[in-house]
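After this come two complexes, each holding chain A, first together with chain B and then together with chain C.
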Partner chain A sequence: MTATLPAEAAEAAAASARRRRHPGRRGAITGWLYALPTALFVLLLFALPLLLVLQMSGSDWPLLGGNQGWNFPENYQDAVSNRFFWDSVLFTLKYTILTTIILLALSLGLALLVQESTRWKGLLRTSFLVPSALGLASASLLFYVLYSPIAGPFAGLMKAWGFTFLGTPDGALWSTIFLIVWRYAGFYMLLMLVGLQGIPDDVYEAARIDGASRWQTFRSVTLPLLRPTLALTTVLCVTGSLLAFEQFYILTKGGPDNSTITIVQLIYSVAFQGQNDLGVAGALSVIVLLALIVINIAQIRAFNRKAED
Partner chain B sequence: MSTTTTRRPSDESDPRSDSTIAIVAPDYRGSRGGRGRFGGGGGKRPAPTSFAGIAMRTPYWVVTGALALLFLYPLIWTAISSVSPLPGTNQVDGWGFGNYATLANYQAGIWVYLFNSTFVSLLTVLLTLVISLLGGYAFARFRFPGKDLLFLSTLAILMVPYTTLLIPLYVLLNAVGLSNSLVGVALVLTMFQLPFSMFMMRISFESVPRELDEAAMVDGCSSWRVLWQVLVPAVKPGLITVGLFAFLAAWNDFMAPLILISDTNRMTLPLAISNLRGQVQGVVDYGATEAGVVVLALPCILLFLILQRHYVRGFMSGAFKG
Partner chain C sequence: MTRITRRMTRATALLAAGALTVGLAACSQGAEPASTPLAEAGAEGVDDGSTLTLWTRAPLEKQANLLVDAYNASHENQVELTVVPNDDYVAKVGAAAGSGGLPDLFAADIVYVPNWVKQGLFQDITANIDGFDFKDSINQGHLSAGTLDGEEYVLPFVLDLSMMFWNKELATEAGLDAEAGPANLEEYAEWAKAIQALNKPDTYGTATGLNCGGCLVFTWFPSVWADGEEVLSDDGTESLLNSDTAKDVYSTWKDLWDSGAVLPSSQDEAGPTWTAGFTEGKVGLQFYPATLLSSTPFDVGVAGIPGPKGGGSTFVGGDGIGISKDSKKAAQAWNFLNWLMSEDAQVQVLAKDNDVVSRSDLADNEYSQKDPRLITINEVAGHGDTPVAINFQQAFNAPSSPWLTLVRNAVLGDGDSVDADNDEITAVLSQ
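Our next item is the complex of A and B:
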């Protein structure tokens, strides 16, 4: 244990090198065996469906009839000329922009509010986070009752003042946004907190020595250094909102007057309600997938370009 | 890719990990005797933000307390009104569990739906744990051809919209005889859980020092025994996080059963409760819906409160650092 002879040391090093190489050589097969379940899942439940949806989008494929042969450009033409297509695209974009701005601003505010560690702030953090344990469907059902003009806590007020939450297009939109903010604010607050942890203390120290006000510190230190987190949360929030379904399916059912139909709801109704056309639904899905990829690349580019400035 | 899955005492010298602990364990402060970043830090660091500072000066408790109440109010209100009287429900006068009785007798009965949901959730958790444990081990400790491609393909699941996959999956599962099947739903939900859980397990394994399993290998253990006897105890926090997220996702999922299940006896709880509205001649039974929300939400909230630090750690572990 005390002193090792050079020769012995060299031999030991060689032996450990051999040992290290040994699992590596045999490792390829063993590694594949451990990765096999993952590979099977990715192949059968992800890659294969992805190829199938491409094929569907170019085929005449009724829900119950199965594949009836190629129908390539017509599916896409039908998809775009669906009478709700442009309405749903516009509504989805409007909803996405509003939700993203409100949700991210609020969650950053909450994160700054509860950043320090005291018992009270721990309690606040927990109360903001509890709604995010609920599923989106449960939260939507909860607010469905909460907004109801019969059973909700505002029923008396609604009767007296003659308004309803879900009765007008704008009311339905804002009621849904409120539900989403309630459900997700804690979740995004947590992501913001992770980002805030990553800002080194000495940067704040330097700003303080330079005599920066709190607002100046926030604008010129916190926000720029938080950019990776802001990029991530924006991408997550935009993606999630563009694919909104449950909240509108349960809360507004697309109403009133079909004013709150999102693009995913349109896909669902084309595929399974009435039209039962998986070909057109597949075409819509492919359009959404491509749009999502383009939008996400654009967002990541935009955040990277700002980083270079 | 930084990771905080294992917390060593040496971390405490790092000022950043102080507040990390504060988030992971809000009441950790007490045992350390510090007052966190804001209070008695000896002026080590000024208040980082203006909002917090202003809030401290204004009637801070009232404002923040009201904010917390705003987040808790819908939950509390639903719990209370599910047992309070309301015309048009099964609980017309007095307090009681009439709404829960309606729920219990709805169609196939709540026990069937509870069983379906539990079955799907537990199967999803089990599959997710097994696959991400083995996969994470492979990605962290082995080199094999196609490794990077497979890992990137797993992460790519995140990029593809839910519906884009669910429609072809509906056709595929029908083709292999898994139509209307809870097992089919669990398989699909497991696939959707893979990006997060694989990432989580990979970094969990990577944060375990290699010397640990190499020493065991030298002692003649097979990689299988090393995994179960040496590594599984070391990556347990990661497994708990992955399991918790898989459970919450599967228990609450609405869209996969909506598309894949049409038989009323096979529906999961969220689907059944969503259908329960407007069953009686289009009149919505709000009381039963409230009871249903309570039954749906209670396990999630309890699990969240018990495992809160694992929930939070899932985010802290770098999985979401841009």
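Our next item is the complex of A and C:
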């Protein structure tokens, strides 16, 4: 018995060591299995299409003719020298800046209103949020009819006062911004509300004890503590606006006189409306992708740096 | 861990390779010859109860429905019709062409046909078309748009002609001769102003689609042709839209616009409702699609579109139809096309619906005899034209086309930039 003990002990120790090692490996396999569905989705629905766009952007690829071989720098040259390229870049930036400022200011205002108001809170919150339940394309169609000088409810008014919503470049831009603000203000308000509710009450109490006015409280307490939410909403709003498509496609089709062509609309029209060149459209998409990466890194850095101050 | 990662990579690579092979197999399948080759299909094709798919665009939905219903009722083969909104049609066909998923038969706006034939979207049906003993009376504009290097790919599906329509009631009210109609573009403008001068609420002299390249091509090119001028060079790579005749046309319209005799919403009209004003009886006279004759509820006069000096011409538009490169039932599809060109389809379906027939030998038929306007339309069809250019869509129909820029500058702007804008069209056409 005693003679066999050390051997048994050694065996037991080895077994337990093996057991200890095994869970590690089994855990890794389980981990990979858990990650597999997501990984497959990312691979099939993101990585492969991205590679395909990269290949397209470097190939001579007419819509109806398929891949005709490499055409590397020319596609990018054609993309940048398209007669609407710089116009669409400028217009997209202008639209993004206007939309982001108006939308964020308004949604913060609405959020404060809803938070302060006690009696009408539920009604207000619901009525601001209802438009978010409508798809963007459906909302655009709705406004297309509202703005229509023939079928719209304002048709009589438009004729009497001699104006149209979508007939002038500025009119078309502001009419579209109005649609977007109407559609998204509730959604951003909700994000702001979550941020506001995350600010602890004792900070406000301390501010009150120190005798801070409403404006001082807002500037020195609410805004700094809301920074993560502001960062999130800004990134969402800027990215969404830079990729604006449906609203302009349905409301203005880039008109009047090509004054409201966004960069994504340009991609669509190069691919499907006339030029039918997927190569150049792919090159434009890659340029937009790179620009988006740069802009988003810049935004996130800017918000982080402020946080460190 | 590293071993697992490597295994994963290998598995992924295998997966990707598998996906590729499947894709390749699908591709090679698409290239296989059809089960019954067209050449052996015989003059009438095969009617064996196959299901055929057919795509067309929304503006010709009514005619397509009538044709498909009549074919399905009289044949074993059954055609399934898919109607696609006008603006999405090119994108849908393009996506399907890329993935080998085109339907057996599909119609195409005749101005896109030369490009689509060149891209190889249609099967060669030369031998079958040559078998028709009435081949010479098939609309030549459509046939030649679908001909490449002497091979024929496309037959006319539905013809759509642009004609001058006038509302007889409004014309009479304005003291105009409602039976004769305007003789030239000058008189057209006078008529529009006279009807505008009635000062009836909601009623305007004329209307057009000033933000709709396709509408303007369809209705303004004939004014140039009516004077014996051309709009494009023969090979379709040069724009001649700065000729004196063309400039006359623009200045007439600019004068009309400035005088307030044009429906105000024409300025932003991008196509969807460009005919609505006339159909509702609120517009005095308009260059208008002849396919809408049957759905115009009041008494209208019809004539060819005049030029500045008179005459009459028309844009022979509408859709051509062919058998797609991806069809595996070409012989059955030919059966539909063969029937489409027959008297049964042309007279008993199209002419009965007050539509224009694609065969000149059938232009004088029992239905057209009842309505002299149809005889007028059929006659003008013979003098009409169909422009052929590879880059037609980009130069004229696209929402951001240089043609739209030209017209808008010439009519809504100061009208000084026609030559420069015309060069821009040529630049696109010659790409």
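Just so we're on the same page, the second predicted complex is superposed on the first by the 268 of 309 C-alpha atoms of A that agree within 3 Å, B and C clash if a C-alpha of one lies under 4 Å from a C-alpha of the other, contacts with A are read in each partner's own complex, and residues count from 1 in each chain.
The working rule: contacts are C-beta pairs under 8 Å (C-beta built on N, C-alpha and C of every residue); 3 or more make two chains touch, one makes a residue touch a chain.
Predicted model only: the values in this text are computed from it and were never measured.
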Open item on the list: Going by the contact rule set out at the top, does A:L196 touch chain B (first), chain C (second), both, or neither?
Closed with: first
TODO: Considering only the touch criterion stated at the top, classify A:I177 as touching first (chain B), second (chain C), both, or neither.
DONE: neither
Task: First (chain B), second (chain C), both or neither touched by A:L166 - done: second
Task: Partner chain in contact with A:W32 - chain B first, chain C second, else both or neither - done: both
TODO: In the overlay, answer first, second, both or neither for which of chain B and chain C A:L225 touches.
DONE: neither
TODO: Name the contact category of A:L93: first (chain B only), second (chain C only), both, or neither.
DONE: neither
Open item on the list: Tell me which partner touches more residues of chain A in the superposed arrangement, chain B or chain C.
Closed with: B
Task: First (chain B), second (chain C), both or neither touched by A:N276 - done: second
- [ ] Please indicate which partner A:I150 is in contact with in the superposed arrangement: first for chain B, second for chain C, both, or neither.
- [x] both
TODO: Jot down the residues of chain A that show up as touching in both complexes, chain B in one and chain C in the other.
DONE: 28-29, 32, 150, 271-272
Task: Residue numbers on chain A that touch chain C, as the complex places them - done: 28-29, 32, 43, 62-66, 84, 149-150, 159, 164, 166-167, 253-258, 261, 269, 271-276
TODO: Under the touch definition given earlier, write down the residues of chain A that touch chain B in their complex.
DONE: 19-20, 23-24, 27-39, 41-42, 45-50, 52-53, 56, 109-110, 112-113, 115-131, 133-138, 141-146, 148, 150-151, 153, 182, 185-186, 190-191, 193-201, 204-205, 208, 213-215, 217-218, 222, 228-229, 231-232, 243, 245-246, 250, 264, 267-268, 271-272, 278, 281-282, 285-286, 288-289, 292-293, 296
Open item on the list: If we count contacts the way the header does, which residues on chain C are in touch with chain A in the complex?
Closed with: 1, 4, 8, 12, 90-91, 93-94, 97-98, 115-116, 119-121, 211, 264-265, 267-268, 270, 273, 276, 391, 393-395, 397-401, 405, 408
- [ ] Spell out the part of chain B that touches chain A in their complex, as residue ranges.
- [x] 15-16, 18-23, 26-30, 35-39, 44-55, 61, 64, 67-69, 71-72, 74-75, 77-78, 81, 86, 88, 130-132, 134-135, 137-139, 141-145, 147, 150, 153-154, 156-157, 159-165, 167-169, 171-172, 187-188, 190-191, 194, 198, 214, 217-218, 223, 248, 251-255, 259, 270, 273-274, 277, 284, 286-287, 289-290, 292-293, 296-297, 300-301, 303-305, 308, 311-312, 315-316, 320-322
